[in-house]
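Sharing a structure below in structure tokens format, with a few things to ask.
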Amino acid sequence: MGEVILTMSGIDKSFPGVHALDHVDFELRRGEVHALMGENGAGKSTLMKVLTGIYSKDSGTITFEGKEVEYHNTHDAQEAGIVIVHQELNMVGDLTVAQNIFIGREFRKGFMIDDRRMIEESKKLFDELHINIDPRAKMSDLTVGKQQMCEIAKAISHKAKVIIFDEPSAALTEKEIDDLFAIIRDLRSQNLGIIYISHRMDEIKVITDRVTVMRDGTYVGTLITDECTKEDIINMMVGRVIYEEPKTHSMVPADAPVVLKVDHLNAGKMVQDVSFELRKGEILGFSGLMGAGRTETARALFGADPKQSGDIYINGEKVTINSPEDAVKHGIGYLSEDRKRYGIAVQKTITENSTLATLKEYMAGLFINKSTERAVTLQYIKELDTKTPGPDQLVVNLSGGNQQKVVIAKWLVRNCDILIFDEPTRGIDVGAKNEIYKLMNRLAAEGKSIIMISSEMTEILRMSDRIIVMCEGKKTGEIPIEEATQEAIMDKATRDIR
Amino acid sequence: MTKKKTIFSQEVIVAIVLVALYLIFRTISSDFGKYTTFLSMMDISYYYVLMAIGVAFPLITGGVDLSIGTGMICYALAGGFLIRNYNVPTGLAILVSILFGAAIGLCNGVLISILGLPPFLATLCNCMITRGLGSVVTGSFAVPWPTAKQDNGWFHSIFKITTANKTKIPLGLVWIILLMLLMQFILAHTRFGRYTIAIGSNKEAAMLSGINVRFYHVMVYVVSGLFAGLASIAYAAVIKTVQPGTGAGMELDAIGGAIVGGVSASGGYGTIYGTVIGAYVIIFLKQGLPYIGFNANMQQIITGLVLIGAVCIDIIKRKVIK
Amino acid sequence: MKKKALAILMGAVLAASTVIPAFAAENLSDTTEGTAQFEGLAANEAYDFQIVVKSFQSTYWQAALKGMDQAAEELGVTYSAQGPASESDIADQVNMLNSAINGAPAGVGLAACDTSSVLESLQAAVDAGVPIVAFDTGIADAPDGSIVCTVVTDNTAAGEVAAVNLYEAVKDQIGDGPVRIGEINQDNYALNIQQRGLGFINKLIELAAADGYTVAMEGNEFYVNEAVGAVEGDADIILEVRVPAQTTVDLCSTEAGTILDKEDTIAVFGSNQTAAEGLLVANDNREVLGDTVVGVGFDAGTSIKAAVEDGTFLGAVTQSPLMMGYYCIYALTAAANGQELIDVPTDGYWYNAENMTDESIAPNLYD
Amino acid sequence: MEKIKNNPIVKKLGFNRIILFLILLLMYGAFSVIIPGFASMARIMSILNYVYFLGFLALGVTFVIATGGIDFSIGPVMFCCALMSGYSLNTFGVPVVVALLMSIVIGMLFGCFNGYLVAFVGVPPFIVSMATMNIAKGLGSVFTKTQSVSWPQSNDPSGNGWFRNLVKVDGIPVGLIIFGIAIVILFIVMNNTRAGRYILCLGSNKEAVRLSGVNVRKWQMLAYVICGTMAGIAAIFFVSAYTTVQPGLGDTYNNEAIASCVMGGTSMGGGLASIGGTVIGVFVISLLQEGIMAMRMTKEVQMIITGLIVIVFVYADVSARRRRN
């Protein structure tokens, strides 16, 4: 480990409704891999976005190579030598791999972009990384994993002094992860500073030198990896927040009837011959890596995407579900992973969103009965403890957790018996997360059946009565909670990946 | 995989349609095959094609430019007005017309990229404004440009020259092809073109890649305006007398041409050669249907249906590939 | 300085127009009676008139305004002119007319885009006591007392003049197998274009019949159906009438092109400025006009004038927009003075390379 | 300033709309001062003639814009309706009532055509509009054999002129009553029925509404059908005021209808629509038109001013929303 290259101190940042960063400190040395850990919503990504100029900080100082700096956009940061490999993919789908890697700093011959040289350089990069991607391929034709590798290659191709990896491994296979680690070690030996954000405890132990833990937008502490245990880190991450008790055994009575049966469901490449059963009062966890086909399964089941074959039985009866309309008619509700895109109409009020699925019931003849509509909205605001000045508030003004509650309210108003929660706590701060967990448990206890798709292992282990693991569009395992361990799940989640 | 795509790409289909249209018209009407008919068709095509090339850029960014039709007339009026009323040399007037176009394009770009107005609305407003400006500048009067035989009418020979043995050569077609190649080159091989596609495909990602998206987004509309300016010269050379209050609707033929030629209506994809071919399909329909005895008005209905058809083919094709 | 020269010229024109026969070929209308009523006219007060024209699109209207300027200066009255963006914007014109009437001017000069849509407004003018002078286009069903004077060129006669001159030039070619004569009309709904188009068609049929030839109609249904005396099937002359989808020069040129491309075409008539310009655009490439095909235009404007001058067009018919504008203001002034008026038919002129510099013609040939 | 903006009543009505309304009043005042005799009944009647048909067009297109779509074929569609029904009236002698209904039905059919292509086939609204515009113009021309169509005068001997009483009886603007009723109905449809709710919500986030189990295609199509129907009704008011329609035209009215809609606060992005705002916008444009003419300037000046007003209002809207996010 060399001298300190980057110091962030007292960084403060607020968004409407969320105090995202509360005087956070962070330090990075040359030649170290520094893990940044914390639950979703702890503020890691926000901190990195402040560093790279995507967000401007409210207060605090950033010192890079001994000088106080403030970047106004990613370009400035890149110029200075700080690059980020984003968690969300930031690729221009219509351009080729090479074009994407060198976007914004194309090689040129006069006015002309030197595509040939860009292709050659990309090849060189990929060779270094030992990955096999055709630089001439169109980006949108690649798999998610390959796109992620391109993103990494792009970051490395900058003559960077500091590289930030924001959960790079989420979509990678074991082999790819090994390659990635080889690259990271190589970079470390070149005396670069590396910030590594991840949830995977094992990786942290393997690759990092120090660990900084954040919680609820605050700095908790920094440890030297070799000198601490997993438990130390977890304790720091979880802190005082009391979670719902993790489940050790299924809460579903043995004689609970099957409410939903999915038989040999096929829908495109991502859903291949998936079968499972869901019982009354059960929380069925769906685990797997990014792009394993879980969301696609849920969407096909819900009729949101077309399916090729497969039967669906509800309470023993075969039903036809070709559209969300059919699904809702049969009492299925779906909370999308991407709330803003699929869940809520953000420019509309809480009331309008809450009754979206049930508007028919609030009609007085031709007209909407606004008072009963309002009454039921108020009821669920109270019941779900949604924090809002009133039912006429626009959803855009609510925090992530409260927006999620509005979506849940929509399905509760509908009185759905089967609920699909797709990444229910993504982008929600810790406190609200816990409330959502409580709520899910309560709903299950009331006899609702829940399918929960989650990429967070802890969430899966904490909430599920039973776990289904998917990999590359296939169901690769079904584990009762009693037998479930991270290792067992991980093994099945990567089973098909070579 | 990639090869398959090229065979069925919209550009190829449209090129086949263009040739087929030509052959059909030729077979039915012997007059259509005449060289003079071809010349006339070329004359009329220049300004539509120039507008189409220009508007392809905003379309590829996922935007649109509705101000090019009335704009073109406005620029032609301004240039002609200078020649007629102030004896400005033709070259200078042409320059003014083109720069006027670029200026209105800049105005569109600033409204859209810097101030954040929806492209449709910003350019719609400029459509109204240019239509008005053209009339205000000239006091609502029609403006004749110099004829080919007048001393300051040399600019006609930009588009058409007569050889010693009286054969006419549609020189404009050469310019169109050169401009098409140039703009295709710019789209495919320069930063400006690359970023045009990037803005249309994923503006956020382009921004995060450190591209000065605002600047390039403005420039896209400047190019569109610039080409409307060029089109105004072609218009003046062919039609000669420019009438204020006209031009509305011409942009739709140009945009339609680009869309038919495979430019994605939602942005991110498009080629200039496709645009030019598509524009010629529209022009062939416009100019060719009267030759085969169609009621002139049927031509409008058919153009409308062709437009929907082209987009439907694209939609169906995408579904099949999926 | 320029103005003075114009004034002198105008005086000469006015003097001339009362003596010289209106049309070179045939004297179709008599203007003397109409213009005589304005002799010695002086405005009782400095009236302000409102003029509503069809549009400012074609230079035709510029010439009309020039005539108005002249008359206004002579009489010491003022006027202001308005017009919609194009001759098709009927609603805009009705609004303008209403607005003009509501402004209670001393009188309104109106060149109506559409004759039936202004009727209600004309009634309003009667009620408000605003005298209306119709110029360029007569209004047949106008409410009693609304139109105090009509200053128009007889469009049917103008079309007939074109037919007479065109027929004269081509009649030697008729007889050995069918020949084709084309007519481009920019539309088939505006009254003046209809009259002009049909005037041309019917006169041509009449002339042909006198020489023992038959005429068959082809093309636009309206004109085909309205033509009088045409035959079905084989004929000595095929008269093809084409109308574009929209009234633009480029579409007119396409229609003209289809006619010029036919081998048996011997003559074409473009019945207004747009149609004639379209004809010229089509001819740019074919260069058959003035060579194997006789071209006849209508109105003036830079390119049509040039075409007549260099023999591309045999000639053209011009209405006298200048006169029309001039007499419009005179009629308005006389009406405002309380004078009873009779209609003023203004002249249409046949002009060709020889006579276009004549002082009776030249002022009417606007650029 | 902020205080006023946050006042609940102001918030409910919309700050920009209040400003627009004040501009309307100010304009009327200014015109009345500058132009002698502007504040006359005759002027108001003349303004209303324009308000009626533009109003129906704008109200219709408000629904489409609320879904996040666009329809700029409405002007030519209105003309096509008036041409086809008027031609049937004059040439085939169908009764006036039938002709009027025919106009509305043709508009509705155009709306169905547009709506089907947008909602069910997935053709971008922009392209559908472009195509329909051509088709409407062509159809109007082909049907009438490119003849202009003049509807009967009020004193037409055939007695067919009675439909003009829909607009004006003895100088009393009864058209205002029909227009008012239409505003109220459409306001209720937009704000108090399922159709309006779904149209607004799907304009805000179509996928979310679809995943709520709503048949979004149906409702999306409905917006276009409403728009087309309104164009059919607009046609009736157009001919009542201006008698004659010509084939191949109508484009200019699209821009004015969309402009009045947008300056009234309906967002081009969809999801936000204001019937009241649209109506104010229509009055602003119509008043501007009359005022500009009364000042003896040409229509073009009105276009420039309209364009500028729209830019200012949309910018105010866009920047306000940007500040909020």
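Note that the chains take the letters A, B, C and D in the order they are written out, and that residue 1 is the start of every chain.
The rule is simple: a residue touches a chain if its C-beta (ideal position, glycine included) is under 8 Å from a C-beta of that chain, and two chains touch if they have at least 3 such contacts.
Since this is a predicted model, take the numbers as computed values, not measurements.
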item: Longest centre-to-centre distance from subunit C, chain (CA-based); value: A
item: Comparison of A-D and B-C (more C-beta pairs in contact); value: B-C
item: Subunit A-subunit C separation of Cα centroids, rounded to whole Å; value: 75
item: Between subunit C and subunit B, distance of the C-alpha-averaged centres to the nearest whole Å; value: 35
item: Rounded Å distance, subunit A centre to subunit D centre (Cα mean); value: 45
item: Chain centre separation (subunit B, subunit D; CA means) in Å; value: 30
item: Subunit C residues counted as touching two or more neighbouring chains; value: 56, 83-85, 243, 245
item: Multi-partner residues of subunit D (at least 2 other chains); value: 137-138, 141, 146, 247-248, 252, 298, 300
item: Residues of subunit A engaged with two or more neighbouring chains; value: none
item: Interchain contacts (touch definition) - all pairs; value: A-B, A-D, B-C, B-D, C-D
item: Residues of subunit C that touch subunit D when the two form their complex; value: 50, 56, 80, 82-85, 88-92, 94-96, 98-104, 114, 116-117, 119-120, 124, 128, 187-190, 220-222, 243, 245-247
item: Of all residues in subunit C, those that touch subunit B in their complex; value: 55-59, 61-62, 83-86, 242-245, 248-251, 253-255, 257-258, 260-262, 277, 280-282, 284-287, 301-303, 306, 310, 367
item: Touching residues (chain side subunit D, partner subunit B) in the complex; value: 70, 117, 121-124, 126-128, 130-135, 137-139, 141-142, 146, 247-248, 251-252, 255, 258-259, 262, 268-269, 298, 300-304, 306-308, 310-311, 314-315, 318-319, 322
item: Residues of subunit B that touch subunit D when the two form their complex; value: 64, 111, 115-118, 120-122, 124-129, 131-136, 140, 244-245, 248-249, 252, 255-256, 259, 265-266, 295-305, 307-308, 311-312, 315
item: Subunit C partner contacts - residues on subunit D that touch it in the complex; value: 35, 37, 40, 42-43, 46, 49-50, 137-138, 141, 145-148, 150, 153-154, 238, 241-249, 252, 289-290, 293-294, 296-300
